[in-house]
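Letters are used for the chains, namely A, B, C and D, taken in the order the chains are written, and counting of residues starts over at 1 for each.
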């Protein structure tokens, strides 16, 4: 099958949707003629011009509020943040307006707005360009929160995001943007709330690992190491954290009896805590060992490579965490 | 002992601190001559004037950013939000500046800023005046997050907040503001990260309930009902959710074997998830039953009394949850 | 500052304006009484004294134009076409309320008549009106987006970001600042480095106009010109209406210590209803008065007798499906 | 707009200004080379072409005055007294860096010399400088807070809220807008309804002044007056410096397609160092040049040879204890 980068896969979905639906427009800084800092909109400005590819002032709160108003009145905005960190100035608009509008209007207003941006730690981006805010958006009612980890998922999930009428946070880990993978040419959509069993454990598999975004690749690397010792691991990528496909995780846990959640971001009140809490609520009897979380350090993200590396999990620490859990 | 309202208890701490330390100033809307929408600063303007009791424009992001700069240069700001919901426009300043400043300056800058406001569901305040954001602040590194549930705790914890050099979120549940309780006249401080065992279970006690803020009173009411049937419950109030005193909770769980967390706010990625996740990580062998969470519904807060009541736990639903857990 | 033009309004038009203002006034008075009687469960910010603004602006709007408003939104809702019965029922928390009881005073939704929502948070309406303008332009319609907001909001970053974007993209939008001189108890003159809101339009390269917000005809004319400009592709306008709220910031709140009785009386003497009534035949006024009284009485009965929402609906419509 | 006054600067003073500008220029050039060589791990936004602004402003400041800056902060750091060695070491991610390697290009902290931090987020510095002003006034000192920020930040809500508060409370603060005509690749004329930043001061009731940001003497004089006003209780000033960045937005980024070669050349012809050098004896300039070269070479060696931070320190100082 044809291979595309993660960014190109998502762009393909966006381009096709824009061709079909004239109510879709994109806003962001440098997403017009420049085509996006990460090439998220490359080529589209020439086709659709400034009304649909709109370079904004540096006014994140402002343009999200503007997009909320546009979404309430028939348009379908896509907000491109470049780095998702810049979204924070708009949290009031997001939490009090965007996320609540459908509920407060008793379903009479829709809020079809896709908010996308790069997240995550990597490349010495330092603390103002390394944020992961998905646990916060999963906490707040009203958002769909999507964390694709492959080009295939990026296209399929972006299609779903563009077709629904709900606010979607589409979060692209910066270390994944240029990764390549097979992407069908046809127009497919991956429903939200369907985890993917990325690596199936064997019969004797005694551990399930849930890994998110950039942690997936590192986890698979760790599994390759473990396989050399004959250790089988089942790996699950939730793909969306809201809705969260807990059933797939619990099915696996039922089989394996052990659960580790590998998540780059902060542990306290994170998505890993939610998964662990649901596991102990719904599957206590399946647990042969404590549910473990492997998270990034609870600290702002430092710049210098050795410091940056020290605050996030890597293949070696993941491998060790799996071994430790198996030893419990 | 003398009884004070919750608000008066916190105000006593503020007044004493302002008398001692001229670098403390308060900002907010109507906290000057008006004395605060909730009387949080009543009487202080006459003593200290506008430089120390500063009525602000409606510019929450602006005045938090301003307070950050003031805290970096020798002053000790107290930000009074009236309703904490208004803080959301300032999330960028809080997460990227206030919370990170000490770390990024490698400890050379301090960030002594106290952010206070009323939180929680009650009184048909409706969705823009009912927020509970503590799980978010506990997720982000760099904040102390305080949730006093009694006048006694309000004074003791506010004193600690005013004396430290860290950013503190001091969150006052709106249903507690006018509740009264014993408050010593002397100057005491309650350290952060010390839970309080509010109701000790008997020897035969088989369940621990962690209850936060306004849920504490409702939980105690439920326990009174249960006591009539001879059911003993141990009740713990964490008092601060960051730092979180997990040891006290686990000690109790070790004794009782069952854990329920009662928290008005949203379940997903909430503080209840964190407590449950730590319990299953650190105390699996103590668990005689699944860890349960009783939360508010995952929905914006509606206005109408029957709708509002339907989205948060009450004494009856808490009682039922305890009975259900005991039956597991 | 722009010049207003156009023919004088007919008597019928003036009476219609009077009628709308009176509906607002009487509804608010009824709500105030209901608040005292404990029928309103949450907050209640009345629009008494400011009726000319919503009335004069909305008289230029169509049902498919979009209005975004504030915590003080009853007047905007009524002027945009919301039924007083549905408004009252909302504040009483009933299923028949304009937001089905979900919102109360500060969260009014009636997209059917172009009331796209009021907000308990100061500021967002400015951005959303710009966004409606964006949408309407993108979709090639001649609809306009309108934001009403207080003087307090003019110091908020949303004002700066929203007006600037509306200007650079020439969006069909009106920004109507209801400068009632106070934000709760804080005087605008103390919280604004330049308390002339209309002048701030220069910072955004946008036309700005200052009007007497107690004179409904002046408001009407200024809005007419702005709406015409917006519909015809001429971009947004900032309209500052100087007006005054004659009741407390919100019902049940004290209303003393921050403004003088003389000031309040002086503004009451310039009551927008009185000012217009003086230009109209007493008979007509009396007829409107009794019509509106009947309507508001009926609305009150309707609201009071409406059922509360079913608690089972408390979690519906968080998402679109 | 205000008038600048005061005596002409002495040759020594001018040479000192030249020296600072040259330190910035040569350090930036070295950083650009180091970026190409892979020594800089993250972003690197240079200040080349804009040296006169930081230099002219900071020459009026004391070490205990507080500067808050942006993603393009190397020049502010150096002008405020940060050692080029500590700056380079920071970008190289070393333990000897000004932020101990925690920050890189966009997070420079040197409170010892009053550099209170640069920020990767556009906007906050404006508010923090107002806050330093608040603090200095509250504590009865004559210190001042200074924000440097780009034209892009002038469209952000932080500008509106920060300038307004500084004005109403007469805070000792300077707001220095470095209008280099672009925010990344977006022309300010396209993103601002009114691209004259200094004029916006009227919206806040604050003095505003437009200066040639490539003329260090003009910048110096405007800042002198503003600093004097601030120290003596006269409140804040907005200074717009028109200038130009002659390198790409950030190192390694393309620098084409959004501005013309002619435009770049025209600004290069008005290079701030050239403009000042023309007024000074060639000997003196040459002496400064070789002095600065030695300093920057040494800084580079120091930085390159410095150790990386110990990973064990990666989580210290999140809190004060």
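Operating definition for what follows: a contact is a pair of C-beta atoms (placed from the backbone, for glycine too) under 8 Å apart; a residue touches a chain by one contact, two chains touch by 3 or more.
As the structure is a computational prediction, the values presented were derived from the model and not from experiment.
Greatest Cα centroid separation from subunit B: this falls to D. Centres computed as Cα averages put subunit C at a distance of 45 Å from subunit D. If you average the Cα atoms of subunit A and of subunit D, the two centres end up 36 Å apart.
Centres computed as Cα averages put subunit B at a distance of 41 Å from subunit D. Chain contacts: subunit A has residues 56-57, 59, 61-62, 85, 89, 92, 96, 103-104, 127-128, 141-142, 298-300 touching two or more partner chains. Contact with two or more other chains is made by residues 99, 102-103, 107, 119-121, 123, 155-158, 160-161, 164, 168, 190-192, 318 of subunit D. Viewed as a network of touching protein chains, the structure reduces to a complete graph with every chain in contact with every other. Note for the complex: subunit A touches subunit B at residues 60-61, 85, 88-89, 91-92, 95-96, 99-100, 103-104, 127-128, 131, 135-136, 138-142, 242, 244, 266-274, 276-277, 279-282, 284, 287, 289-293, 298-300.
Against subunit D, the residues of subunit B that register as touching in their complex are 22-23, 25, 51-52, 54, 56-57, 59, 61-75, 77, 92-93, 96-97, 101-112, 141-142, 144, 164-166. Put simply, subunit D touches subunit C in their complex at residues 155-161, 163-164, 167-168, 190-194, 199-200, 202-206.
Touching subunit B in their complex are the following residues of subunit C: 41-43, 93-94, 97, 99, 101-104, 106-107, 119-123, 152-153, 155-157, 183-186, 190-192, 257-258, 308-315, 318.
Listing the residues of subunit D that touch subunit B in their complex gives 66, 68, 99-100, 102-103, 107, 109, 111-112, 116-117, 119-121, 123-124, 126-139, 143, 145, 157-158, 160-162, 164-165, 168-169, 316-321.
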